[in-house]
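The structure under discussion appears below in the form of structure tokens.
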Amino acid sequence: MIFASDNWAGAHPAINERLMKESTRFAAAYGTSELDQAIEKKFNKVFEREVAVFFVGTGTAANSLALASVARPGGIAFCHSEAHVIEDECGAPIYFSNASRLMPVAGPNGKMLPKNLKAAIDRFPPGSIHQGQPMLVTMTQATEQGTIYDLDEISAISEIAKGAGVPLHMDGARFANALTALDTTPAEMTWKRGVDILSFGATKNGCWCAEAIVYMDPKMAEDLPFIRKRSAQLFSKTRFMAAQFDAYFQNDLWLELAAHANAMANRLRDGLSASNSARLAWPTQSNELFVVLDKQSAKAARDAGASFYDWPVPHDMQQPVGENEQLIRLVTSFATEESDVDSFLRICGRA
Amino acid sequence: MIFASDNWAGAHPAINERLMKESTRFAAAYGTSELDQAIEKKFNKVFEREVAVFFVGTGTAANSLALASVARPGGIAFCHSEAHVIEDECGAPIYFSNASRLMPVAGPNGKMLPKNLKAAIDRFPPGSIHQGQPMLVTMTQATEQGTIYDLDEISAISEIAKGAGVPLHMDGARFANALTALDTTPAEMTWKRGVDILSFGATKNGCWCAEAIVYMDPKMAEDLPFIRKRSAQLFSKTRFMAAQFDAYFQNDLWLELAAHANAMANRLRDGLSASNSARLAWPTQSNELFVVLDKQSAKAARDAGASFYDWPVPHDMQQPVGENEQLIRLVTSFATEESDVDSFLRICGRA
Amino acid sequence: MIFASDNWAGAHPAINERLMKESTRFAAAYGTSELDQAIEKKFNKVFEREVAVFFVGTGTAANSLALASVARPGGIAFCHSEAHVIEDECGAPIYFSNASRLMPVAGPNGKMLPKNLKAAIDRFPPGSIHQGQPMLVTMTQATEQGTIYDLDEISAISEIAKGAGVPLHMDGARFANALTALDTTPAEMTWKRGVDILSFGATKNGCWCAEAIVYMDPKMAEDLPFIRKRSAQLFSKTRFMAAQFDAYFQNDLWLELAAHANAMANRLRDGLSASNSARLAWPTQSNELFVVLDKQSAKAARDAGASFYDWPVPHDMQQPVGENEQLIRLVTSFATEESDVDSFLRICGRA
Amino acid sequence: MIFASDNWAGAHPAINERLMKESTRFAAAYGTSELDQAIEKKFNKVFEREVAVFFVGTGTAANSLALASVARPGGIAFCHSEAHVIEDECGAPIYFSNASRLMPVAGPNGKMLPKNLKAAIDRFPPGSIHQGQPMLVTMTQATEQGTIYDLDEISAISEIAKGAGVPLHMDGARFANALTALDTTPAEMTWKRGVDILSFGATKNGCWCAEAIVYMDPKMAEDLPFIRKRSAQLFSKTRFMAAQFDAYFQNDLWLELAAHANAMANRLRDGLSASNSARLAWPTQSNELFVVLDKQSAKAARDAGASFYDWPVPHDMQQPVGENEQLIRLVTSFATEESDVDSFLRICGRA
């Protein structure tokens, strides 16, 4: 009953198998092998256009280098006030983008409210020398709150970014989960709606270490090879990342794994909704659930071996958390088993 | 006949097997799992003292974060003029150490000459506000030229560093190869001779991605957890690195693999020395050979599928390279097969 | 009728005279002259203890280098949400402190509320590797809203900083104005209340370019000479700054000038309070006034040559600004003449 | 007999007078006053084209911000191996240009030899991801060795820079001295010969603090306002710098002052050349002289109150420095008096 995080899971057997196969041969290093190049091309197919792809080691690296590539002096990046880039990356995006500023934008359920974003950007008209200049809007899909921007919401955000003359970045640490939940295509969820740069995460969804930065317009990425090397993110045996992506895309494995994780989350949600001991903190749509659980159930579950995190109560939460309750986060993954979900539900139902 | 680089090799089966085993289970992320901690303890045993260990993704990251951890304003790090940190990492060590300066120190065969190092440091006495202040000496073991500092040479370097009040870092991308060649212990080759920080590389020696920064005095590393996260080098499934190190140390696999690579280099050396078509550019002692080969042999070898790099002729090379010759680099690895060495020698002998 | 800012004023005749005298002689450069050292000693007397003093060219430099000197990886500095460091310095404090994060702390009238500061810091307990680590609290005295922390309020802030193990910095761009308004001593307003580092501004109060960073404990400043040079803030003819400070402290000129500026602000305040066309937006105590003025008066004053800035209405302002009103800022200085104040009041009274 | 440095001099009376006049009035801050703008226009006239001008506080700032404005990831700037930017600015140019690398280029008499520059740049062809990419060539005029690039030599350097697709910067800390010595025009010595960015120094030539960055093509400077503010170099009362430049250009004062300094250097040179106790270390052409003096004379001069610096003997110096000799540097300025020169010569002649 591991619901602590999707990065507590291991790696999917198909990923492993592909890695094994790759490990027995020699190939050119530093991203120049045929496999590296073949997988970069595979991204073109996935995104239905020529994109520029750069493998990096962590999601934080993907986000940080994306920001680095659009850095301006006095630059300001706009993100949701609870975004991973501002709250959970120890300042890495600031560090790599030459000391830019991350400006939090409020909005319910982990999503920037367009009018708040607009107002935040409007504080920095051209020539605001003492205040700085907008350089990027970054959104998270799926969000840290387990919610998803629908396609029109993405368009609304991107229109504001375009209006301000800055690119739009999407932190897709859980890109596959969002994609599956929306039942749409990578192209539709990104460049067709105005996304310029994507942090494409695969580690949480069955790989052991596979992240990529995807530029919808390769011209934007001309300096990225230098940025990546200068940032210590050019791996010598990078083809082992390429190999993971190879298996990841094979027969739509990635979508299948994300669909499983989402289904497990739905099963949890349905079970908990039907229970007397729990209620959803807010509607979630991907593989993260935020649940107000009675403390007795939480204790019982933990005693039975379940792992999950307590979560700080947002100050704008609508229904208050009672004294005998606590807010918890439950995350499912490709490796979550139905039986674990059912055990957890049984304990909560019983307590 | 792949002699291009040791990072063209894949991964050793024992490493793979251990990774497979790890992939089927859940475990805590970001370096907090029991396995991570157990492997960190294994380093204590390897180094015969309590050390602080941090896994990172690339050798450049290990070097760069080592420098970052000792950064001073106006800081200057001293390295050999051909060192990887100054010549091959696109400025990453400068970047991560808050814009320090890398000062090249000359010396034959890839090794800093102690008197040159001393003179270089002496240019920056305390209070050299306009020039900057020494912050680190960094040496490479084995060097980029395939040579090795013997233990007394390490002591000579460390005494100068100590005298200047700065720590000594060792870039050990090929640590195991040097260790094996010197037939000494990790403790003897590092802290017993005054090394304070070590970039401990395993990727080139049979892992697919396993690098560590080792602090001989854990107190020096107090800020490293933040530096690593801020530098985008804290991997979520870092236990997959730990697993590689687990297999790497098991039954001294790492020493065995390095010994094999060195033996293959020796076999190449002996064969080429006996040949009329080649001579050693300078004496090398690990798994890298620099050879002056007649162009006909070089072409024949490449036509037969051999891969290796041409190398720029150092300006201080003693015996000139003739018109019909070229300087090449040959690198062996854990995966180099004796038959490939012999094929290569046969071609060179024949041409 | 220049009320736009105190940095629109020129320089006081006594400052000029001293500069003239200095200009005719030779002296050692880069802060090593006897005058430089004598003035540094004068600061000891002013602060009643041995302090370390560093002249720099701008208030932004003073603040930024102060932050640089306490930078930690993943470091977080806490400031009021409207502080100059976060809102008006184009990210310089972030830039010079190696990409730290500035965390806004709310509080009425430009002052951090201690409980808000405490809560903000408490979000980052030791070991918050993903979030970062507190490195500094910085307060502004007088504040950007023209208010002043009284001595007990300074103590309350410093106790929280001490409790978190971080130093306390004071942005004293208008230090003299605050000091005079509180009728206290520099020692009392700083180190006796727990301030560790001070940006000591003199430019706004009669100098043309004289700013200093003052460390109450010189040991904290050991790297500052390198930081200052590396930051391009070591002036060759720095003795011309020293000369300004010489005249500034002579016969308490600085206190006299600040008292004058404050008196002019009081005169404005009293006059406007008595008027039907204006009211104070909030109580201010130094040389900055924030006034809600009827638009007719504002226009009449501008038509008559008055200069002042419109000010954005804070979202937490208690009495709303009416449709026929606007919020303006009025700043007085050493150079403000009583007759200008009276002319302005007359116009506002008449309109 | 102050020959230590031209920045030991004070300020010229005409500069002072202009500052006094400026000090009595109010004007807009942060470079927006009419005077600031008028002086910026004056630079257009001086350079015979529309240029972009930015006042900063130090020569190090001018150089560093120039580099910052052309920074690339993994960027490399090429300079003479003895240049101020690499040897005397505590790494500031590296720091402000986002951790670029400064690559020393050798050449006699403080001047980069074109073929050496070409060879240095050629080491970094496009796509040298592991090594970095050229971003700038920077030359010093007059050089640190007191020599001057003639116009054809400037063209030779600029052609190489253009060929590599990188801009050419000139560190003109002693621009006026070089200009006067060459008897040419600012336009001719800069953009007509391919210089793109100029650090225009006036502090050493009679101002007390006046430095400017001049972009020959204003489009290159679009981000400079943000860079300058972010670098803490936007002075509030910047019009006091403008005022200095106003007087500096008035009636060609600047050329007159530089001509005087150069004449004093020539007088020193002629006198010392005729003496038995001294010889020129190498030919110099501006206001810096490098002289091999017998130790007795040096002591006698110092005993008589002369101040000057001993200088390290360059390793490629042609005539060795004898045991009874020492290499010294003598610098003249606008404030050097003929009588001091003659006293110095008398002492040397006598000893």
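We just call them A, B, C and D in the order they show up, numbering each chain from 1.
We take it that contacts are C-beta pairs under 8 Å (C-beta built on N, C-alpha and C of every residue); 3 or more make two chains touch, one makes a residue touch a chain.
Since the model is a prediction, treat every value here as computed from it, not as a measurement.
The greatest centre-to-centre gap from subunit C, using C-alpha centroids, is found for B.
Taking A-B and B-D together, the pair of chains sharing more C-beta contacts is A-B. The contact pattern of C-D recurs in A-B, the pair among A-D, A-C or A-B where over half of the contact pairs coincide by residue number. With centres set at the average Cα position, the gap from subunit B to subunit D is 42 Å. Centroid to centroid, with C-alpha atoms defining each point, subunit B and subunit C lie 51 Å apart.
Annotation: 35 Å between the Cα-based centres of subunit A and subunit B. Taken residue by residue, subunit D touches two or more other chains at 30, 73-74, 89-91, 95, 98-99, 129-130, 132, 226, 229-230, 234, whereas all remaining positions touch fewer. Chain contact summary for the complex, subunit C toward subunit D: residues 2, 4-5, 7-13, 15-16, 19-20, 22-30, 56-61, 64-65, 89-92, 95-96, 203-204, 208-209, 226, 229-237, 240, 335. Of all residues in subunit B, only 30, 68, 72-74, 98-99, 127, 129-130, 132-133, 223, 225-227, 229-230, 234 touch subunit C in the complex they form. Here subunit B touches subunit D in the complex through residues 73-76, 87-91, 94-95, 98-102, 129-132, going by the rule given at the top.
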